[in-house]
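Here it is, the structure in full.
In order of appearance the chains are A, B, C and D, and numbering begins at 1 in each one.
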C-alpha cells in the first residue's frame, strides 16, 4: 500500500544490492529519511524443518548446520542438545570440553565475519575487512585440524563428538590465540577508536532496553542494549559452568554498542578456549547411542554468535525426529530492524550500518 | 521474591481455572501450559502483563494427524523470572482456527503468518495473513509442513 | 575535537594501518604453492576394494544419498560408487565403515567438465598424488606464526 | 631561423620546423610537464599506486600478472578494455548533454593544472599575476558538469547523486577560498610564482598552520577522496551520477576524480609546501624545480590516497556539518591570526 503522504517513494533495498545480501528491505523514504522498513523474507527458504523429518539424527546435523553455516558449531550444538534433552542422554565430560572449544572457535570465526562486514558497510573499502578475513584463516585451520573440515564441521553427534583432540592441537591453538590477541589490539587501535567510524555508528539505530526485550532482539543486539541475557551464563550448558568468563554487555544500544559487544565477546572466547584447553579432563569422548530413540519432547537453548537459538524436538520412537521447530535469532533481529524506523531517525545512508550492526544471517531467518 | 515454576503455574491455573487444560513443569526453568483456543488471548495478556513474560522467542505449529489435532506452541521468556513458558493451544485438524496473538506480542504476527502458510491454521483477527517464506506462485491449499505432504524423493 | 581526540581517533588509525604495509601478504599464489592440509582433512574419498565387503553401511548413512553400490567386473561383492555432484564431504560414510575400507585424502581439486565425470566408480577411487592433479604445483607450504606476523614455510 | 637544440629527423615542411623552432619551449610545456602527458601519466600511476599500495595495507598483493614486474601494465590494459566497450545512452537521456560531459568535464581540472609554476620560468600561463584567482574560477566549474551529467542521464537516482556532489563541493570550496585568502594576505599577491618565491626561507605551512590543515581536509572534500566520497558510495542507491556511463565515457569520468586530486594537491604544494623550492639537486635551473614538485606531489598524493583504506566515509549531512561548522570558522580564524601577526610573520620569512 503506497502511503498517501506526498513525496514518499518505495525503494527496494533488495537482493540485488552490494550491501544487502540475499534479502530485500522495502524502504519507504523521501530520499533521505526512512519512514518504514518492510522485510521481505523467503529468498533463501530451503524448508530445513521438513528435510530433518526425513533424516536420521546423525544425518540431520549436516543440513541443520546450513541454517547459519558461518557459526556451524553452535547451531549444530542446538540440534544435538535438543535430541539429548529429549532422550535424556548424558554426554561425557571430555566431550563437553571439546564441544566448548569448537563452539568458541566458531563464535570467533562468526564475530570476525560480522566485524568485517560491519566495517565495510560504513563505507569505502577499509583494511579491517580484509584483516578479519586473513585472521579467520587461522581459526579455520584450527577447526580443520580438529574436525577435518573448515566450515561445516558436523562434528557433534548425540552422545558426544566424532573424534578426539589430535596431538599438537593444544600448542597450535595457544600460538594462534596469542597471535590473535595482538591482532585485536590492532583492530581496536585502527577501528574501534576511529573517529569517523564513531560518527557513523554512535547514536545511530538506538534500541532502548525495554524495546529490545519487548520486540525480542537476540544475542549481541540484546546485550548491546543493556539486557543481561547470555545462554552460556543462563543454562551453563556443556563446560561453560566450570569456565569463568564475563558477559559482554553495553548500555547505549546503538550500532557502536553492538559492535563493541561482539568485540568483547571475541576476547572472552579466547579466554574460554585457553581455560578449556588447560583443564581438559581425560576419559571417553563419545557415548554409544542407539539409532532409535524413545518417545519424548526436547528443548534446547544455545547461545549462537547471532543470539539465542531455541530448538524444540519431538521424537516418536523411530530413528527420525517427528517435528523440529527452530526459533532462529536472525528472524527476530530482522523483525527488530523493521521496527527501528519507528523508534529512531534513520537515513538511507544509515541503513547498511544499522542492518549489519544486527549481523543478520538470512539463511537462518528463512530456515 | 523469586518465582519458582510452581508459583507461576498456580498463578495461571487460579485465574483461568476452566481455560487451562493441562500445565506441567518439564524441566527446571521450563513450563508447558496448554490452553483452550478461546482462552488463549486472555491467558497470553495475563502472562505478559502480570507475570512479566514480555520477551517472545518464537512460535510454531505441530501436526498430529493421529489424534486429528494441530498444536500451536508459543515460546515466551521473562527477564525477571528467567523461566521459559511454552503456551500451547490445540485445534481440530480439519479446519484449524485460532485467535491471533499479534495483539499481545507484535512479533507473533510473522510467526503466525509462517504457521498459516506451512500448516493452514487460520488466525482470526490477524492484520495481514499473507505468504511469508514460500514463493508467491505456491498454489493455494498445499501446506508443506503437514505430515501428509510428501517430500519428492531425489 | 580536542587534540587528544584527534591523535587517538585520526592519526593513530592511520599509523596502525600504515604499519601493515610492511607486513608480508597473507595470500598464497595458489597454483604454484599450496597449503598442506591437516591429516584429518575430508577431501576425495578412496575405496580399498580388498577391505570392502559390500555391506552398504556407507550408502545408508550418507545424508544426501550420493553413494550407490555397483558391481565391479572381476570381483564378488558390490562396491560404493560416490557421486561428487551431491557429496558435501561430511565424512559420515568414512566414520560408519566398520572395516575401514573408505579413507579420506587431501585431494580437493575435483572439478570436471561434465557431470558424469564427477561420478567416481569404485575401481578408480584410488589415492592420487596431488601433483598429478594440479601440474603447476611447485611447493607445499604451512603457516608459521611469529608473534604477530604470519609467514609461510616450505613443507615436504 | 632560430636554431633547434635537437635537429628533428622527420621530413617536415619548413614552416612547421620554423614554428617548432620558435616556441619549442611552450610546446614542450603543453605536451609534457604541466601538460597532457603529465596528467595522463599521473592518472595511470596514481591508480596503479592506489591499487598496489592499498593492497599491501590489506595484506594482499594487488595487480601482479599484467606486465612482468608488479603488474604495471594493469592500468593500460584497463584503459584499453574501456575503449573497446560500447558507449550507449539510456532511453530518454538528453543525448547532447550525456555525451558532452565526458569530453568537457576532464578538461576543466586539466586546465587548472596549467596555472601551476614548476620552476621560476617554467609556467604555462602566468595569468599576469592572478594565477590563484583563475585557478579557483576554473575549478568551481566542476559541479556544473556533474549536475549536467546527472540530469542528462534521465535517471532519478543520478539526480540525487549529482545534487549530493554539488552540496559537497560547495561545503568543501568555501574553506578552500578562505584558507587560500590567508596565504594571499601573507604573500600580498595572487601570483603563484611570487608566492613560491616568498617561501624560499620558510614554507607557508608553518605560519599558516591552521590554513594548512583546513586546506588539506577541504581538498579531500573537493576531489571526493575517501572520507567524503559520498556521491559514489555503493550503499547509496546507485553509483552516484556516473551510473549510466559505460565504456570510455566512464573511463573519462574516472579521470576527473584523479585530475581533481592532481590539480588540488599541486595548488596545495605551491601555496603551503614551497612549490618548486628545494636544494638544487639536478642543477640550478628548472630541472630541480620540476624534480621537487614531483617529489612533493608524490608524498601528498600518497597520504591522500592512503586514507581510503583507513577511514570509512561520512554521511552527506555529517560532511556538510563538518564543512560549515568546523572548517569555515577555522579558516576565518586563520585569516584573523595572519592579519594580526602579519608584521611578525613577514619578519620571520625574510
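Some points to look at:
Please note the rule applied: a residue touches a chain if its C-beta (ideal position, glycine included) is under 8 Å from a C-beta of that chain, and two chains touch if they have at least 3 such contacts.
Because the structure is a prediction, the values reported are computed rather than measured.
Of all chains, the one whose mean C-alpha position sits at the greatest distance from that of chain A is D. The interface with the greater number of C-beta contacts, when C-D is set against A-B, is A-B.
Chain-level centrality, scored on Cα centres against the all-protein Cα centre, points to A.
Between chain B and chain D the centroid-to-centroid distance comes to 65 Å (mean Cα coordinates, whole Å).
Centre-to-centre separation of chain A and chain D, using mean CA positions: 46 Å. Chain A and chain B have Cα centroids separated by 25 Å. Contact of a single residue of chain B with at least two other chains is seen at no position.
Among all residues of chain A, those that touch two or more other chains are 127, 131, 134, 190, 194, 196. Contact of a single residue of chain D with at least two other chains is seen at positions 57-60, 309-311. Here chain A touches chain D in the complex through residues 11, 18-19, 31, 119, 121-127, 129-131, 134, 190, 194, 196-197, 199-200, 347-352, going by the rule given at the top.
Across the interface of their complex, chain B is touched by residues 41-42, 45, 47, 49-51, 54, 85, 213-216, 227, 229, 234, 297, 299, 301, 308, 310, 312, 314, 323, 325, 327-328, 331-332, 335, 339, 366-367 of chain A.
Residues 55-56, 58-60, 62-63, 127, 131, 134, 137-138, 141, 144-149, 152, 154, 162-163, 166, 175-176, 178-179, 182-183, 186, 189-191, 193-196, 198 of chain A touch chain C in their complex. Chain C contributes residues 1, 13-14, 17-18, 20-27 to its touches with chain D in the complex.
Contact residues on chain D toward chain A in their complex (touch as defined above): 54, 57-60, 160, 226-227, 229-230, 233-237, 308-318.
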